[in-house]
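See below for the structure under consideration.
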Amino acid sequence: MTDQIIMFISQLFSGLKIGSVYALVALGYTMVYGIIRLINFAHGDFIMVGAYVLMLTIPAIVAAGLPAWVAIVPAVLVCVAVGIIVEKAAYKPVREKGNSMTALITAIAMSLLLENGAQAIFGADFQTVPTIFHLPSIAFGKLKLPGDTLLTIVLGLIIMIGLQLFVKFTKQGKAMRAVSEDKEAAVLMGINVNSTIALTFAIGSGLAAVASLMYCAAYPQVSPMMGAMLGLKAFVAAVLGGIGSIPGAMIGGIAIGLVESLTKAYIGTITGGVITSAFSDAIVFAILIVVLLVKPSGIMGKNEGEKV
Amino acid sequence: GCSGGSMDDSSSSSSAASGDTITIGSVTTNSGTAAAYGEAEVKGFELAVSEINAKGGINGKKVKLESLDDKGDATEASNAYNKLAADNSVLAVAGPTISATTAAVAPLADQTKLVTIAPAATADSIETGNYLFRTCFKDSYQGEVAARFAAENLKVKKVAVLYGTGDPYSSGVGEAFAKAAEKLGMQVVDKESSSSADDTEYSAQLQKIQASGAELLYAPYYYSVAGPYIIPQARSVGFEGYVMGPDGYDGLKLTGDKSQYDKTFYTTHYSADDTSNTKVQDFIKSYKAKNNADPNTFAALGYDTIYMIKQAIEKAGKSATREDVRNAVAGMSFEGVTGKFTMDKSGSPTKSVIVLELKDGKPVYNTTVQPK
Amino acid sequence: MKKSMLSTRQSYLVCFLGILASFGVVMALCESGIANSYIKGIMMTACIAIIMTTSLNLTIGVLGQLTLGCCGFEAIGAYVAALASKYMVAAGMLVDPTLRFLVTTLLGGVVACVFGILIGIPALRLHGDYLAIITLGFGEIIRVIIQNLKVAGGMGLDKGAAGQALIGIERTANLYIVFWIMIITVVVLFMFGRSRYGRAVKAIRDDEIAAGASGLNTTYLKVLVFAISAFFAGIAGGIFAQYIGSLNPTMAGWLNSINYVIMVVFGGMGSITGSIVSAIGLTILPELLRAFADYRMLAYSVVLVLVMIFRPQGIFGSWEFSLPRLVNRLLFRNPKAEAEEKAEAAGKTDDAAETGTETEAAETAATTETKEA
Amino acid sequence: MTDAKNSEQPILKAEHLGITFGGLKAVSDFNMTIRKGELIGLIGPNGAGKTTVFNLLTGVYKPTEGDFWLDGQHMNGKKTYQVVRAGIARTFQNIRLFKQLTVEQNVLVAFDESFSYHMGGAIFRTPRFWKQENEMHAKAMDLLKIFDLDGLASTQAANLPYGQQRKLEIARALATGMKLLLLDEPAAGMNPTETEDLLRCINTIRDRFGIAILLIEHDMSLVMSVCQRIQVLDYGRTIASGTPEEIANNPQVISAYLGADDSDDAEADSTDHATPEPSIAKTMQEGAR
Amino acid sequence: MLEIKDLCVSYGAIEAVKGISLTVNDGEIVSLIGANGAGKTTTLHTITGLVPAKSGSIVYDGHDLLKTHANKIVTLGMAHVPEGRHVFTRMTVQENLEMGAFSLKDQSGLGKDLEMVFDYFPRLKERRRQLAGTLSGGEQQMVAMGRALMSHPKTILMDEPSMGLSPLLVKEIFNIIVTLRKEGITVLLVEQNAKMALSIADRAYVLETGRITMEGKASDLLHDEKVRKAYLGA
């Protein structure tokens, strides 16, 4: 293998690494958006919450002789609790009285609340998270593929398939789809709308905890604001893939990860230095825009053209 | 007839600080991504103020610190600053924290004739040569010292630079380093950039740097980015050369294997084990007593900033006006925990730079580069 | 009943007098020195926020399309105005600062408007959250581009090289002039809203398909609204640049845009009064909360959630304040007018009582301005 | 009425119009000619493609085959608003009003194109602005009067009862100044009394405005009493077209749409609850007379 | 048996239902007729818990419906075919029908139930894989009715089932209602097509602006002069 190819492949993998984290986060967005048509701006901050739980519990867990990743258990519990509280305390009352714009502002406000709350509790400073996985890299000659990257990708795929099966085939999954389309009709079918929405939030928030584990494994640091940009990118990923679509979130996440990594690596060379790797964020958004203009519902999204 | 509406009127040619207290204002970044710096600075301010008050204040008057947050935002910073400026009892301002907000405040300082000393805003461009001063050296100087250190002490030939374009600090130091490196006969083999100074993933750029054969990577980022992301990622793509950074590396966050931080150097303002400076140990002791933690560079700069103001007010005398204080700061010589220095004409100190090296994850004093 | 009320012409006159009066108050405050530079700074920030919010309200409240990229346009306006001003200063053109301020600000608005059209044409094919995310994307792209633009130089990379540094912009913004720009903005937006254009735009908000089927060129109107919003955002940017004196590309970021969206929704979608009051209120609120330093953002977000829960339509809903109506009420008390008033307060008739309420929003600007000071 | 057939140019001419949705041929080979003053019925089973024909004629969908002309002007590929300005207006099967606007404003919006003051005029409130606004107001009130809606001019549209919403939708369509009016099930959800009222309205506007109307309706008594000709769609194809009498007796139409005439049971309807009242064909014939 | 007593419902300041009482006995078809906005839909919505009542009582089979959670009502054997169809637009026809059986503990009879619905509405069988949102109005009405049947209801509330349907289908739907009754299902039928509704109903109520103004045997009402004039378009 030439150096060029090795470089290319490792770029691909570094794209996949961040991409599969985006995908995990995007799955949470998609679940929640799918059911209540709300961009849950606070979702990125759920990840921050999860990350703080990891930071706080890992030392104790390691001290108890357990592997660090066991910290996912308290992280999921806390995230689920936070998710359900946010839904019950803020989103539900607003959903019942307001419109979609109000709901969006509420979500933004919840995001601010979580960020500033975390800052009040933990301070604004960054704090590091202990190493979570001690996975060996898999080496092919000069090419080294980090173990946790592979794990993140595999985990992302498993969760995606699991969710897809859940939503398609279980009763609760069907209830979610019904609620997402028509709450009144769903009630008439005997579905408890509120608990279905709560369940969706629980799943979405649980996913956020998983995402925070994988994120902290790759980027071992927490801060109150860490969720903002991550959340935004993941949301872009969800929209790119077709928001509401579970495979779409996965595809969107991976796509954004790859685009980021490959543009950082090659855009400068391709454009002869006119556009540098510093443009990578802009390029991600440009691709999103192009995709949406060509296919307004995203890569995997169903076209919901309104029937006149 | 619109003068009243003009933002440029300087109504307040402030009278002497009346009453028996002197108010020092501060505008710092206490929330948002750069909050840690602001918080450290405020701790430095508070320590200095309490020490000063314990020793009887300035010119016999008690000192009061009026501390405001700018959230790292230019508009917030100017509003906060204007609030201080409108208060005639404020004689001087310490802050703002980062260059971006300092740039917004600089013209206000000139306009309201209120001396303002930024502890750590290092960007070159904020200089006005009038009411704005700083306690720290500036980026071009810092970059140049780093380049000189690389050439003379580390004796490298090929260097690479990586910086974030979104941040004037990161790109400012990065460019300064590159320019100086070329002047000193080193070869800048690769120059990479990131979208912002708080990205998390740099391996694409780092891989190219590794491929370019650089012996030293100059990566001017904040401590929160260089520690957990840049250095480990550089090591994981196989880069084994030196890594250098600016004062933002202070308090570097370490993760994982400590040995990956070996061969890392950075330029800064002060070192805890700089034995050449006797003030340092006293400062560390009282800081620890008050805050139960080790001070970092920014706390040290904040601490010095207040003492600079004290020195200036004392010199200006009991009935000092804002202008008097300004004149006292201009050209002053000062000796503090971050070194001994003199203010130049444009309001920046000419001061020595300390280079620290990470050994087993701990910063260790390496050398002091004296100003030429 | 009409007889006992102000005629249309009289209503206009009342509004104009109201505006003059409020300007008088602002002037008195400034000239007497009651308003120090801090208060003046806040008034300036509030004026900028009013321009941003009322014009954004046209897109969000009146057209009903959520955009999260308004600060992208503000940034374009700011950078264009700043660079133009620097260039003019360097070239010795337009030495009169007021004139230079007006010309560069207008230029900022025009360039932002052009971008608004270019971006609006493709973007407005999308709706709702998709439009929101796409405009957010444009804002971010603008940020990154400015950041990397050699001429803008991030922010003052190199003070030596002319034109690169976007600090040291001449601070020519004058509160009185900005006040009048704000008034003009509000009046223009108000008149636009109460004309066939405004009606058409509201029709699109209520049902785009039916609007097309009523013969409206919906694409044209949507882009028009977008362009107007962008124009005023650019104006606001031009003022901002020449008030603050230094620029940073992060101003184009989505977090800033969201702040203005919050102001719009907070005040009430479609209500110019609401936008003005919330722009002023949310500019002042954080200043008042300064005392609570660490907790002020926390408090702010809690307040926001509570307002959304207990008053989801925003503080003013779609209600507009009207000075002529107030005058009518005070001078010609009669039950019918009051009933009408009540109906309107309930948000039932949007702007049916056209003539009686003509320049009320401009008026609101005036009176609220007074409140602020 | 039949002399309308002899008039010069047809208002609408559609030839072989068709559209496919991912394999589903919703409409195919649709031909129709409508002349001034005519009122044509378009009927057919649910899902036959009637609404889709409307969508094709108003530019909501682009036809995948065929062409149509309005007053001799080729209309394929025109945007909705262009079609409307050229002279085709419609109502919707599911009412689409501008809910937050007042009744009068709903109509004013549709006038929009016939008024020409510009933005400058709006902002500076020029005399032209006032003149046109007043004119518009007067015209709108005239139009609303036809539908007895003038008293409700400043009510918010969403607060109107259903029947009046239907009427307002028609008034709004009329305000576009069209030559051809497409009505999609205007009587749906109305009781017979309200339907009768609507029928009167339709007749009035046709006579008063001299326009052509194409009407989709499942209420046979209405269709049969007002339409001169009826075209029947099934599975997107035209299965019959002709006078109401011809249609009412067309076996294909009966089996696909009207249902067999179980007039035997009809007598029993009031006594035997087990049988619904089926004498639709009878009602139709009555109406047709 | 369904018994409503003194029911009042309001939307904010608007009083839509002003104290109505009505009874539906097992195995009956009871028709509720009235002009637009009379409060018919509101009544049905209140029965199935979609809208809260202000006062009064609704008892069904000994259960106080006003105290029963809306989503539990269907498990008591009451299905509601809502006005405006409310099909799940992004689900296929078949998925919609399956949703109808959501409340059933035992899902094993699903296939048979589907066949039953397809027998009633052969059109749906053709379109079983089409997204319900792209169906024509009439087809959607069939989906809504089919979906209600899937829950094995003892009582069905129908809100204008004939709206927008072709004459043939209207007839079919009324036939189906009659068949349902024959199978022992109780039907509360809201209709604009009063003539047809009265001709198949046992009893009927006339609702005018939130109040019941007339009630009695359907056949009597069908011949009542006032009713004929107001609702039958005689």
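By written order: A, B, C, D and E. Residues from 1 in each chain.
Rule of thumb we're sticking to: a contact is a pair of C-beta atoms (placed from the backbone, for glycine too) under 8 Å apart; a residue touches a chain by one contact, two chains touch by 3 or more.
Not measured: the values here are computed from a predicted model.
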item	value
Topological distance between chain C and chain E, in contact steps	2
Farthest-lying chain, centroid of Cα atoms versus that of chain C	E
Most widely separated chain from chain A, with each centre as the mean of CA atoms	D
Length of the line joining the C-alpha centres of chain B and chain D, rounded to whole Å	74
Centre distance in Å when chain D and chain E are each reduced to the mean of their C-alpha atoms	29
Separation of mean Cα positions, chain E and chain B [Å, integer]	74
Centre-of-Cα separation between chain C and chain B, whole angstrom	37
Multi-chain contact sites of chain B, meaning residues that touch two or more partners	30-31, 165-166, 195-196
Shared-contact residues (touching 2 or more other chains) in chain C	144, 147-148, 209, 294, 297
Touching two or more other chains - residue numbers and ranges from chain D	51, 60, 92
Parts of chain A lying in touch with chain B, wherever the complex brings them together	3, 7, 10-11, 14, 17-18, 116, 119, 123-129, 131, 146, 218-221, 223, 225, 229, 260-262, 264-265, 268, 276-282
Footprint of chain A on chain C - complex, ascending	60, 66, 122-123, 125-126, 128-130, 132-134, 136-138, 140-141, 144-145, 147-148, 209, 254-255, 258, 261-262, 265-266, 269, 294-295, 297-298, 300-302, 304-305, 308-309, 312-313
Of chain E, residues touching chain D in the complex	29, 33, 35-37, 123, 130, 134-139, 141-142, 160, 163-172, 174-175, 178, 182, 192-196, 199-202, 218-219, 222-223, 229-233
Interface residues, chain D side, partner chain E - complex	21, 24, 43-48, 51, 93-94, 161-163, 185, 188-196, 218, 220, 256-259, 269-271, 273-278, 280
Chain C partner contacts - residues on chain D that touch it in the complex	58, 60, 79-81, 84-85, 89-90, 92, 96-102, 104-106, 108-110, 112-113, 115, 117, 119, 121-125, 129, 133, 136, 153-156, 159, 172-173, 175-176
